[in-house]
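Report on one structure; see the data block that follows.
Every chain is named by a letter (A, B, C, D and E) in the order it is written, and numbering of its residues begins at 1.
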Amino acid sequence: MLSIKGLNQFYGGSHTLWDIDMDIPTGSRTCLMGRNGMGKTTLLRCVMGLVSASSGSIQFGSDDDAARLDLRKLSADARASHGIGYVPQGREIFSQLSVEENLRMGLIAKRERPADALERVYTQFPVLKQMLRRRGGDLSGGQQQQLAIGRALLLQPRLLILDEPCEGIQPNIVHEIGDLLIRLNAETGLTVLIVEQKLPFARRVASDFRILDKGRAVAAGPIADLSDEMVRHHLTV
Amino acid sequence: MIGGRFLGQNRRSAAPRLDLSHNIILYLEGISVSFDGFKALNDLNLYIEAGELRCIIGPNGAGKTTMMDVITGKTRPDTGSAWFGQTVDLLSLSEPEIATAGIGRKFQKPTIFPNHTTFENLELAMAGDKAVWKVLFARISSEQADRIDSVLRTIGLSDKRNVLAGSLSHGQKQWLEIGMLLMQSPELLLVDEPVAGMTPQETERTAELLVSLSGTHSVVVVEHDMAFVRSIARTVTVLHQGSVLAEGSMDQVQNDPKVIEVYLGD
Amino acid sequence: ADTIKVGVLHSLSGTMAISETTLKDTVLMMIDEQNKKGGLLGKKLEPVVVDPASNWPLFAEKARELLAKDKVDVTFGCWTSVSRKSVLPVFEELNGLLFYPVQYEGEESSKNVFYTGAAPNQQAIPAVDYLMNDVKVKRWVLAGTDYVYPRTTNKILEAYLKSKGVKAEDIMINYTPFGHSDWQSIVSDIKKFGSAGKKTAVVSTINGDANVPFYKELGNQKISAEDIPVVAFSVGEEELAGLDTKPLVGHLAAWNYFMSIDKPVNKSAIGSWHQFIKNNKRTFNDPMEATVIGFNLWVKAVEKAKTTDVAKVSDAIIGLETPNLTGGTAKMLPNHHLTKPVFIGEIREDGQLDVVWQTKGEVAGDAWSDFLPGSKDIEADWVTLKCGNYNTKTKKCSGQNF
Amino acid sequence: MIVRKLLLSDRGSQLFFAVLLATTVLVPLLNAVVPDGSMLHLPNYSVALIGKYMTYALMAISVDLIWGYCGILSLGHTAFFALGGYAMGMYLMRQIGTRGVYGDPVLPDFMVFLNWKELPWFWQGMDHFGFAMLMVVVAPGLLAWLFGWFAFRSRVTGVYLSIITQALTYALLLAFFRNEMGFGGNNGLTDFKDLLGFDLQAQHTRIGLFLATAIALALSYAACRYIIGSRLGRVVEAVRDAESRTRFIGYKVENVKLWLWTFSAVIAGIAGALYVPQVGIINPGEFAPINSIEVVVWVAVGGRGTLYGAALGALLVNYAKTYFTAALPEVWLYALGALFVGVTLFLPQGIVGLITKLARNRTTS
Amino acid sequence: MLLTLSASGIAYPSFAQDAGTEAVSVADAPADAALSFDAALSALPEASYSDKESLLQQIAVSGHPQAGAVIRALLDGRLLATADGAIVIAAVDTDAATADTAAAPTLSVAATGAAAPAAPADSLKKIGTNNRLRKTLKGLVAQLSLADPDAAVRLAAVKEMVRTLDDTTVAALRAHRDTEADAKVQAAIDTGLALADLSSSDADTRLAAVQHVADDIGAEVYNGLLPLTQQNDDGSFAEPDARVRSAAAIALRHIESRRKLYGGVETLFFGLSLGSVLVLAAIGLAITFGVMGVINMAHGELIMLGAYTAYVMQQLMPQQIAMATMLSIPAAFVVSGLMGVAIERGIVRFLYGRPLETLLATFGLSLVLQQLVRSIFSPLNRSVQTPAFMSGSLTINDALSLTYNRLYIVVFMFIVFAALLALLKRTSLGLKVRAVSQNRAMARAMGVRTEWVDAATFGLGSGIAGVAGVALSQLTNVGPNLGQAYIIDSFMVVVFGGVGSLWGTLISGMSLGVVNKLLEPYAGAVMAKILVLVFLIMFIQKRPRGLFPQKGRAAEG
C-alpha cells in the first residue's frame, strides 16, 4: 500500500528523518513506534504531504497496482482524494466549525457520498450525535479525538493514518476504537497505519510494527515478533 | 510540617495568605457551569486535602478540564464557591493572582512559549515577584540557574536547553510543561492528562515524579490511562456529567458498576 | 546657470492631486510657450517638478529642496492654505519667490509670496452682494468644510450680512468634515430652513471631494436652483466635469474667471491648453488663469528687472499689469495681491458656467479683511510701508521674519 | 540558534550605535566646519532632512517595541507623535509673543482673527519650556495610559485593538481639524520663530536640534534594548505568543502591556516634539490613520522585532520618498508600492532579515 | 380658458410679502397675437436672457395654440434651433436619451406643431435658459397645465401655484375650481384658496380658512399660519381675532408634531441608507478580512475599480445610461473579482500564516492601483450619470420624501447580503472557506484544494467590493481617492460587527449609520463622527470581540 524509500527530511537545518525505508503492506494494521521526538509524526506528515521531504520516494497503491502513485508529486489534497485519511496528533479540529460541519469536511474529497455515512459515524461515536451544533473547539479533548477519527473515516480512505488516536480518550472508548479498527480492516480491507505508545493496545490492534529511533527505521516485523528486548532497546529511555 | 507553614506568614503581603488550618487545601462547593444551556459542571463538590495526591477520572466531557478552568480562574462558574485553603476566595481573583497564590496548572493540550528556548520557558515560570518593575530589573542568580538546570534534568530536556520550544515534539512539550509547573513551585498542582503521548517508561517516570511531589504539595491529576492511575492513586474521584459519580480507593472505584458502565467498560 | 529654473510645487498624488495636477500642467505649458518665444533673458526656462504628495510637512521639505538644492529662481505652487503656511517660513528663510494661485481666506501678505488667487473681498463679498441685491435672498445658509478658509470666509460673511441687517435667525451655519460624503441630513435641513417662506440661498465653501456627493444629494432631494440657489466658491469647471451636472443646472459659482467667457484672449489660451495637453475636452479654470497671470507677471518683472534676483523681481513686479483672460487687466498691487473682476456664473447642463453678473471693473484684492475685528486695522504694503502686516493703529509692523 | 539571533542582534545594536555616533559627529562637522563649496560640505537642507529622518526612526522604534515584541499592532501611534508635536508647537507658538501678524502679546494669530478673546485653559503655561516639555511626555503618556488601562483590562486584543487605536487617532484627527478646538484647525500651528531664545532658522539651532534628536534616539534605543534584554522583555514576548498562558504562570499581562504601551507612546511623543521645530509645522494631518500605517510599514520593511531594523526601515523608506518625489514625481508611487510588495514577498524578515541571512551564509560557507 | 400670468418677471413673488406684482391675463390678448408669437419665437435663439424673458411674456399672452408647447419645451430643454435657423421641438430631451431612443430625436416645428424633418442631433442647438427664466417658465407652465387632461399634471400645477400664491394665481385657481373634476386637485385648490383667505379682512373667513387647512402639513400652510400667532413689535397680536389665533396655534402644534414624527422617520431612513453604504463597502472585506484573515488595505481600491467600471460602461453605452449602469454591476464584479484573484495568486498566497504582512503588501498595492488609475483616467474625478429611474425622490407626503437612489441602494445592499449569505451558508464553498481559514494544513489533509478556495474566496470578496463601487458611483466622487475614503470605515464596520460574522457586519454597519444620523442634528456632522468613533472605542471595551463575537474555548485561548 505504501512504500517509502530513502526518505530524508529536514526542519530548517536539523535533519529529522534519515534514509527511511519502510513498506506498509496492503491490508495490514501497522503500528509505528518510537520514543518521543523520534520522528513518528514527522514521517506521517511527510506521507500526508504536510511537510516536504528533501529526498526519497513515497509510493502509494497496492503492490501489484499498475497505477501506483508517486505521492511526492501530489499535493496534500490530492493525496486525500486518492484515499488517505489522516487523524493528526493534537486532533486539529476546525474549532469554529460545528461538529456536523467538521464531519462534512470529511465528505468533501469524495465524489459519491453514501447517504448513511454520517449515520454510521454516529453509531460509532454516539457523543457526536448529541453535539452536532456545538463548535468543534468547545468539545472536551476526548470528544475532539473522536470527532477527528470520525471525520477521517468519512473520507472512506484506503489507508487510514492515525497519530496517537487514543490520547485522552476514556478507556471503554479506547477499547471500542481498537475493535473498530480491527473490524474495518477485516470488513473493508482498510489498511491502517497507527502511531501508538501504549503497548497493550498496540499488541492487541496491530498486525505489524515498525520502530523509529532518532529518525531512522530500526526495526520491523509482525507484531508477534516485537520482543521485550526490542522494547527495552528502542522504546525505553 | 504542613501546620508549620503558617509560621512563615509574611511571604508576600499583597497576596492573600494560604491558611491550611483545617488541612483542606481546596474546597469546591456547589459549582455549576453552563455553556449555552449545556451544563458542563452540575453542582460539583470536591475537597482536596493538603499534601494529597488525587486522581480524577471520568468520561470524555465529564467536566474535568472545566473544573480546572474554574479553579484557575479561566472560567467563572454560574453558582458555587471555590476556596483555596480557608481564606482565599478563588472566585474573586484573576488568573495571575490565583497563580501567585499558589496554584499551578498543566494544560491538557501542551501550551508553552514557542519562541522562547526551553530554558527561558522555565525561567519565565520560576516563582518570584512577577510585578513589572521587579521583572524589568530581575537577574538570574546562580542558585536559580541551578534550579532550572536540575528541572531540565528532571524532564530530560538538558540537551534541548537552548532550543526553541516551538520545535519540540509533542511529548517533549508535555515534559516542558511539567517542568514549568515545577518551576512555579505551587502549593497545589493541577495536572491535566500528563502522560498522553508518552511512552510507558516516561509514564512511569511521571508517576514517580508526581508521587514524590505529593506530601509537600497537593496534586490533582486527571488521566485516562488506568495503569498510570492505578500506579499512583490513593483516592480516585470519578466525575460524570458535571458532578461526582463515585469517590474512593482505586479498587472501590474500579469495581463500581456505574463507573464500569460509563467509563471503564469491560 | 545657463537656465532659469522654475519650481513646480503641486501635489501629484494623494488627496489634492485631483486639483493640483492640472496646475502643474499649466505651469509646464507656460514654460513651454515662453521657451518657444526664446526663453527669458536669453536663457531657457527649466521646470523642476516635485511631488509633495498632499502631505504638508513634505511640502516644506520639498520647498527647501527646491530652493536650497535645485536653486530655483521662482516657484509656482500650493493649493491648500495649510500647504502654503507650511512652506511660507521656508520661502522667507531662504528668500524664495512663490506664486500662489488659489482663492484663500486672506489674512496674510508675505514678502516672498504673490497671491494670484482671490482674497475674500474678490469672491465672497461680491457673490453675497449679488444674491442680496439681484436675487433678493433673505435667508442664508453658510455651509462649509470645517477648516480655516471656510471658517474665515464665513466669519467675514456673517459680519457682512449682519451689517446689512440680516437677523441671526436667518443665518444657518454648518460645517462638515473633509471628504464628507453623506449629505442627506444636511440637505434635508437646508430644505427645511429654506421652506420658511423667505428666499433662501446657500453660500458654499465646501471643499473638493465633498462637493460631488453634496450636489448629487441636492439633485435627488429636488432642491432646484430656482428655489434655493447654491453659490459655490470652490466649484469650477474642473470639478463640474466630474459630475453629472443635469440636476445642478442653475446653481451658481463665483470666480474671477470662467472658461465660457467669450473673449479672444480666453479662446486662444484655451486653444493653447488643449494643444498642450492634447485633449480638446479638458477644462480650464480659475486657478489655472491665476497661474497664467502669475507666470506672465513674473516674466514681465524679470524682463523689467533684467535679473531673476528675488528682491529685484519683487520690487519690479509691483504695479505691473498683464491682460487677464476675461478681457480685463490684472495688476499686481503693493500688498502682493491682484486686481480681479468677479463673475457670478450659473451652471449649464454641459458643465460650463454662464455669467449672470459681474463687477463693473476689477476689484482690488484685500489681504486683510475689513470685516474681521482683528484685521481691519492691518494693512499690507510692500512699497511704502515695506510691511505685510502693518497695524495702522499702533503704527507697528508686526510678524515679519526678517 | 537563539544565541546566534542574540549575537547578531547585538552586533546590529553595535552597528546602530556606531552609525548613529558617526552621524552625530560628522553631520555637524561637515555642515558647520567644512566650508561651503567644498565637496564634503553638507548643506543645511540635508541637516534638517537627516534630523527629520531621525525623528521618524525614533517613531519607528516606538512602534517596533510594542508591535515587534509585544504583538500589539498599533494603527494609531501617530496620535501620540502628534500630541507630542502639538505640545511642542504650542510652546513655540507662545514664544512668538508680539511678533505675530496681529501683534497680540498673548493670543496666537489664528485665535485673533477667529475672534478668540482669551487663551483657552489648555494653553496656559505652555509658554514655559519646562512645563511644555513635561506636556510633551504627559499628554501622549496620559492618553496612552488611559486608553491602555481600559483596553487591556477589557482584554481587547488583536485586530480589535488595532482598529480602536485607529479609531482613536481618527477621532483626534477630526477633533483637531475643528477650529473650535483651539489648535488652529487645519492650518495647525506654524510660523514658529524661536526655541529657548534661539532663532529656529539659525544654523546652530538646527544643529542643536539635530544633536538633541540624536541623543533622544540613542537613549530611547538603549532603553528599549535594555527592556528587551531583561526578563521583562521575555515576558513581553511571552505575552505576544501566548497571552493567556502567561497569565497562568502569574504575570499580570494587563500591567505588562500597559507599561510598555505607555512607554512606547512617550517615545512617540518625544519624536513628535523633536519633529515639529525641524519641519516648522504641526497640523492635524499628523493624526491621519494612514500615517500610522506608514510607520508600521517602515518597521516591516526594516525588519520587525529588531529595533535597529525599524530605524533602518524608517530611514530607508523616507529617503526613498524624498528621492522619488523629486526624481520621479509622476510615477514614484509605483516605485514605493512595488518596494513594499517586493519586501514582503522576498524579504519576509525585512531588510535586516536579508542582511542576517547574507551574513550567516558568509560565516557558514 | 382663463390664463393668468405673473408678468412682472420678478422671479420670486411671494404671497406673504408683496402684492405689487402686475397681472396680465390672457383674456386681454392683443389682436396681433399670432404675429407677436412668430416674431418672439424666431427671436428666441439669439436673444439675451433678459430679452428672452420679455419674449416669453409675449409668447405667453399671444394665446397662440403652440404657446404652451413652446414654453414647456423651453423649460425642459427641448426647444432647439436647427442649423438653418428653424425652431423645432424635440419629443424627448436630447441629453436624457434613455435606453430605447435612437440618436436622432423626433422633431416637430415649434410654430405649428407639425412634424419636422429629422436632423442629426449634433446639428441642433439647444435654446438656453437660466434660473430666473426657468422660474418664470415654471409659473407659466403651471398655469398652462391647469387645463391639462391628466389630473396628476394638474395637481402638480396647482401645488406649484400654491407655493407662489399671489393675486393672479389666486384668481386663476378660483376660476379653475368649479371646472375641476378631480377630488385631489380640488382639495389642493381649496387649500390654496384657504391660504389666500387667511389674509381676508373678515375674521370668520379667516377662521374657516384656518380650520380648512389645519390638517395639511405642507410648508405653505405652516408659513401661512405662523404669522397669525405672532406678536407685533408693540406687543399687539398680528391677528386681532382670538378665535383665529387659537385655532391657528392648535393647527401649528398639530403640524409641528406630525413634522417631528416624519422627521424621525426621515432620520431613520437616512441612517439606514448611510448604514447600507457602510455595509456595502465593508461586506467584501468581511470576507477577505473577516473570513480569510487577510488585512487587505487595497480593498478600497477594489471598490474604486468597480466605480470606474461603472464609468467605463456609461462611456461605452452613452445612449443607454440605465442599461449601462445595470450592466456595470456584473461587469464590476468581474473586473474587481479578477483583480482580486490576481492579487491572491500573485501576492497574498505567499503570505498565509503571516496575516500582518498582508497589510504591508496590500498597502503597497493600494498605492500602485491609485496611481494606475491616475495614469489611465487622469487624477480628476469622472462623471458617472444617474439613470433616470434612480433620480429624484419618492414623495410620501409634504414632510417626507425618500430619495430613489438611496432607496435602491438599501434594497441592493440587502440583495447582495442575502446572496452572499446563501453562498457561504448553503454551498460547500462556505464550509471550505471557513475550514481553510481556521486550519489550512488540516483542510488540505481533508482533500480541500486550498489554492482554489483561496483564489475563489478572495475573488468573491473583491468582486463584491467592485459591486459596492458601482453603488458608490451613484453617490459620490469617482476618482482615485475613492478607495481611501472608505477603507477605514470598512475595517471599523467589520471589526465592530465581530470579525468573521456576516450578520455582524450587517448589524454593525446599520447601527453605525443610524447612530451617526441620530447624532448629527444635535452634534453637527463633525462631532457626530467623532462621537461615533468614541462610542466604538467604548463599545469594544464592553465587548472586546465585537457585536457578534466568535465564541468558545478556542476563540478565548
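In the analysis below, a contact is a pair of C-beta atoms (placed from the backbone, for glycine too) under 8 Å apart; a residue touches a chain by one contact, two chains touch by 3 or more.
The UniProt protein names, listed by chain, are A, B = Urea transport system ATP-binding protein; D, E = Urea transport system permease protein.
Nothing here was measured: the structure is a model prediction, and the numbers come from that model.
*Asks:* In terms of Cα-based centroids, which chain occupies the most central position?
*Replies:* The most central chain here turns out to be D.
*Asks:* Have a look at D-E versus C-E and report the one with more C-beta pairs in contact.
*Replies:* Of the two interfaces, C-E and D-E, more C-beta pairs touch across C-E.
*Asks:* If every chain is reduced to the average of its C-alpha atoms, which one ends up farthest from chain A?
*Replies:* C
*Asks:* Which chain's mean C-alpha position is the greatest distance from chain E's?
*Replies:* B
*Asks:* How big is the gap, in whole Å, between where the Cα atoms of chain B centre and where those of chain D centre?
*Replies:* Roughly 45 Å, centre to centre.
*Asks:* Just how far, in Å, is the C-alpha centre of chain E from the one of chain B?
*Replies:* Taking the mean C-alpha position of each chain, the two centres sit 66 Å apart.
*Asks:* With chain centres defined as C-alpha means, what is the inter-centre distance between chain A and chain C in Å?
*Replies:* 75
*Asks:* Which positions in chain A are in touch with at least two other chains?
*Replies:* Residues 138.
*Asks:* Going by the touch rule set out above, which residues of chain C reach two or more other chains?
*Replies:* In chain C, 12-13, 146, 175, 177 touch at least two other chains.
*Asks:* Quick check on chain D: which residues sit in contact with 2+ other chains?
*Replies:* 174, 177-178, 244, 333
*Asks:* Touching residues of chain A toward chain B in the complex: what are they?
*Replies:* Spelled out, the residues of chain A in touch with chain B are 11, 14, 35-38, 41, 89-90, 127, 134, 138-143, 145-146, 164, 167-176, 197-199, 235-237.
*Asks:* Okay, in this complex, where on chain E does chain D touch?
*Replies:* Within the complex, chain E contacts chain D at residues 295, 297, 347, 350-351, 354, 356-361, 363-368, 370-372, 375, 484, 488, 491-492, 495-496, 499, 526-527, 529-530, 533-534, 536-537, 540-542, 544-546, 556-557.
*Asks:* What residues of chain B sit close enough to touch chain D in their complex?
*Replies:* So the residues of chain B touching chain D come out as 72, 74, 94-96, 99-100, 104-105, 107, 111-117, 120, 123-125, 130-132, 135-138, 140, 162-164, 180, 184.
*Asks:* Of all residues in chain B, which touch chain A in the complex?
*Replies:* 35, 38, 58-62, 64-65, 108-109, 156, 167-172, 174-175, 193, 196-202, 205, 224-226, 263-265
*Asks:* Of all residues in chain D, which touch chain B in the complex?
*Replies:* Residue positions touching the partner: 1-3, 227, 230-232, 234-235, 237-238, 241-242, 244-253, 255-256, 259.
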